[in-house]
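What follows is a pair of complexes built around subunit A, which joins subunit B in one and subunit C in the other.
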Partner chain A sequence: MTTETQKGTLFTPWNIVAGIILAAGVVVTIMRFTMGLGSVTNLSDNNPWGIWIGFDLLCGVALAAGGYTTSAACYIFGFKRFHGAVRPAILTAFLGYALVVFALNYDVGRPWRLPYPIFYQQGTTSILFEVGLCVFIYLTVLFLEYLPAALEWKRGFDKYRDILVKLTMGLTILGVILSTLHQSSLGALYLIAPSKLHPLWYTPYLPVMFFMSSMFAGMSMVIFEGTLSHKHFHHKMDDEYNLGYEDLQMAFSKAAAWIMAGYLAMKLLGLAMDNRWQYLGTGYGAWWLVEVVGFVALPCYAYAVAYRDRNLKLARFTALWTVLGIVLNRFNVSLVAFNWQLPSVDRYFPSAGEIIISLFVVTIGVIAFRFIVTRMPIFYVHPAYKDSSH
Partner chain B sequence: MFNTLQDLMLHNKSITYVLMGVVLICFVGFWHFLTDKEERKRRY
Partner chain C sequence: MKRRHFLGLLGAAGVTLGSGATAKAASLGDVKGLPNAGGVLFDASRCIGCRKCEAACNQVNDLPKPAKAFDDLTVLDVTRRTDAKTYTIVNKYVPDAGKPPVFRKIQCNHCMEPACASACFVAAFKKSETGAVVYDPDVCVGCRYCMVACPFNIPAYEYDKAFTPRVMKCTMCQPRLLEGKLPGCVEACPKEALIFGKRRELLNLAWDRIGGNPGRYVEHVYGEREMGGTSWLTIAPKPSFAAIGMDENLGTTSAPELTSGALAAVPAVAGIWPVLLTGLYAISKRKEKIAESEKQAAVAAAIAKASADAEAKLAEELAKAEVAGKRRIEVEVKKALEAAAKAGEEGEDA
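Showing the complex of A and B:
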């Protein structure tokens, strides 16, 4: 992700790849909005939710959980030494949620009606309404939490910036409440489909599992994003960020290991309470074990070893491992184990157009992140606000 | 094997109670494994 200012050219390999993805994304976008969903997706009545929900929304929301975990650690639990990591985590979460809403415009049939459930007709008995309301409010909260950085960059808005800084604690608490609600509700969405979701993944504890997994997903994403940022934006980081950086990675490794152990216990509980043991001997059982042992139990142990030995390299590798595990879990719940009884001809596989749009959304996120951190005080405290940084 | 729903639920709950007892003991062991090197550092 070298910048044009460093290399003196726009034609770096990363920029070329990003340019190709953006160009393809624009073409598919035009097709989607001029010719409809059917022209670019493999969605059907059997499979109305594809990777735009399974990846863009479910994974996007889970991996954006670093915002509430980091700000809660700093402001609510009092780990002030992690203060330098709050702004990057909030920015990642803000962009993550913004892109979730952006991607949702592609997926819903009539995107101009997205505000209807909030402003026009509230479906208060629907889980989906609760998710929509929470995401709408939380995106606003994240925007307000991110805004001081933008106002410090533009200068001349000190009055508004100071008001927002004073609201930090309230916004953090609101963020934790809203995240608890909608992270779990995303799992609860699948509770209404007991006959469609494979019994190994269907459990009444699905909402708790989604919430618990979002916590270690968010922490892993903070470690992963921090590692990449250190590689590419090291020159933008001040001493406060650098001093707390390794400390944060170790602390989050410990916390993630502990939460993952609890998550494993929940997985076992779901298996035992619903008497699903007989499915473990099937093909789906093997895949379930790959997910639970290969992408939860082993990373949990790896995080614990990394923390014990203060092995940063292992912690960073495990963070990527865990992020992939969360993506696998969300894919399994929403796609692989969903409609498992349908004949293979009716099963869903994403079209090229769907994959291109997902890559397009991720690329926009990376470009927006790069644009913001190279201009605004994200990895450093603005010199003019050294004494009043929140 | 199970003649009534009561039988099935009793069976499931019995296994779950035993498993959760084992899990709780494992948690203590895991916590010790996680933190037993902390004494020297005392950072978290």
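Showing the complex of A and C:
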């Protein structure tokens, strides 16, 4: 790939795999936009939303929550030692949201009308309107938060860069508000369909649960992304980043353990309030327990142990575990437990085309991340701005 | 109530800020303002499964011709749903083995407070004054949230169109209603299983039939209260609505009410968060400031103590030095005097 500069050869295993995914993605893209959704997806009248919503949108937004959690921890709650981690987290979030919007262009029938709900005719009674508006504004906020890094890289825009740096506090607060709103609203989307979502997953707490889980999803993603980045971009990191790095992973492990404990309590409360215990004995109940015990309770405990023993290795493993748990939860709400009463022939399973586009989108994200961190001051403070770093 | 749990959780602020007044697609007030809104009563006990309604619907709506002709009744052997080329279908059910089948016509129920209209983020769906829920393809983005939201699984999508895909569903023949005609299916029904009229009058008729034929019908008018009520009403022969594939557990809460709690949280969050977060920031900033000033005070005290000590020591040293100096002078003077005395003696001697 074009970003490969250090190794000399283009044909590294990663580049070959990425190249194949990109090529397949381009083919599916052409089919999607010339022959319609039906030609590449398994979507149907009973299953209008597939993995392009369940994964690209729901997981994409939840896993991009590291942006608001890290910047809030650093700027609002005063954990200044995490300062080095803010830029990577903001970049991950910005790319995440940008790709969510990019992927939505595949899923909606007439993507050129995506600005309609905001600029042409507003359906204010819709939860999706709230999601759309918040994601649109938050993507702009993330872009502005990311922009100083790009301006420092290109130089000569110090005036604008300084203005943006002064806005940091305001943008951070705005980011938390917008994230609270749309992270929870993604869960609230399903409140309108009590007859379609299995009672174990349908609860009036869905919005609160989606918001809470976005917090530990974001933190886990920061730990996970930091670990990967350390392997591949270590030469780009400065002392400030490296000094705060392990502290941050430990602090986020602790925070995630607490929030997951609260989330777990909320899950049980949801069952108790609507008295849905009897469903635990069914097949769906077993699956619910896999999600809640196997991917919330256990990683919650593992995070706590990792913090107590200052076991970085366990913390990093648990981060990946938690990320998978979030994906499982979003899949369960949007796909597995949705339309649970339909006969199995009418149920949805993603097509190869849908999976290829989802992989395509993730690959573009990784390439963009690599392109940016190898060029712009993300893991280090630019020498020219040492004294005015925000 | 589920909504109440959620609201309770968000606290009083959320409730007072928006009890869902703006959250309704077609609030009850609007519906009451449509006294002449029409509807259709479907009596499943009268339906013979002839598919004439399907044929009429296909014709008046200019829908594509189906693969199998409308007089081919083998189609009834499989359970179908509405799709992008079919606004209405008839399904066959056998509630009691050995007894004659019961047929059910399926189409948009034209909810009083439609889930699709509540869910649409471009307001492409509207409950019109005729009672019909109509769709505007000119603004539709194609997100298909209406299809997720619809409790009756009615809207379908033109997945095979690349440039102009639309959501497709029954319009209650809105264009014909506006011309004063009956919906196509109602006009075509040979058994009067479908009756068009004002919803209020249809409800009375439905209950009259149930009451006038004891033991024949399920004692319930489906659509009177389901999901806040629908313009299309159904009565069915015993044993149950579930036996003819209808969901009996939909509840009476309308779709807009299901999401109004979450929407009410928006102003609460947008109002409280900035204050709270700025407060938290101020607290953490102030803590820092206090810590800083305490540190400075401690340093200042330490410096003060150190300099006081130093001064005292200096004074002591100075005093010592003074004493030592005096003594040295005294010694020197003494020495000089002694020397002078000695010199005097020597001079005298000489």
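Annotations for the structure displayed:
Everything that follows uses one rule, which is that the second predicted complex is superposed on the first by the 386 of 390 C-alpha atoms of A that agree within 3 Å, B and C clash if a C-alpha of one lies under 4 Å from a C-alpha of the other, contacts with A are read in each partner's own complex, and residues count from 1 in each chain.
Quick note on the criterion: a contact is a pair of C-beta atoms (placed from the backbone, for glycine too) under 8 Å apart; a residue touches a chain by one contact, two chains touch by 3 or more.
Just so it is clear, the structure is predicted and the values come from calculations on it, not from any experiment.
With both complexes placed on chain A, subunit A has more residues touched by C than by the other of subunit B and subunit C. In the superposition on chain A, A:208 makes contact with subunit C only, while subunit B stays out of contact range. Using the contact criterion defined above for the overlaid structures, shared-chain residue A:121 touches subunit C, although it does not reach subunit B.
Residue contacts after overlaying the shared chain place A:250 against subunit B, while subunit C stays out of touching range.
Once the two complexes are overlaid on the shared chain, A:273 sits against subunit B and subunit C alike. Contact with subunit C, but none with subunit B, is seen for A:180 once the two complexes are overlaid on the shared chain. Note: residues 273-274 of subunit A belong to the subunit B contact set and to the subunit C contact set alike, using the contact criterion stated above.
Considering their complex, residues 8, 11-13, 15-16, 19-20, 23, 27, 30-31, 33-37, 41, 43-44 of subunit B touch subunit A.
On the subunit A side of its complex with subunit C, the touching residues are 33-39, 41, 43-46, 48-49, 72, 75-78, 107-111, 113-114, 116-117, 120-130, 132, 169, 173, 176-177, 180-181, 184-185, 188-196, 203-205, 207-208, 273-274. Against subunit A, in their complex, subunit C makes its touches with residues 2-3, 5-6, 9, 22-25, 81-84, 115, 117-124, 139-145, 147-149, 151, 153, 155-166, 247, 249-251, 255-256, 258-259, 261-263, 265-266, 269-270, 273-274, 277-278, 280-281, 284-285, 287-288.
Within the complex formed with subunit B, the residues of subunit A that make contact are 247, 250-251, 254, 257-258, 261, 265, 268-269, 272-275, 304, 307-310.
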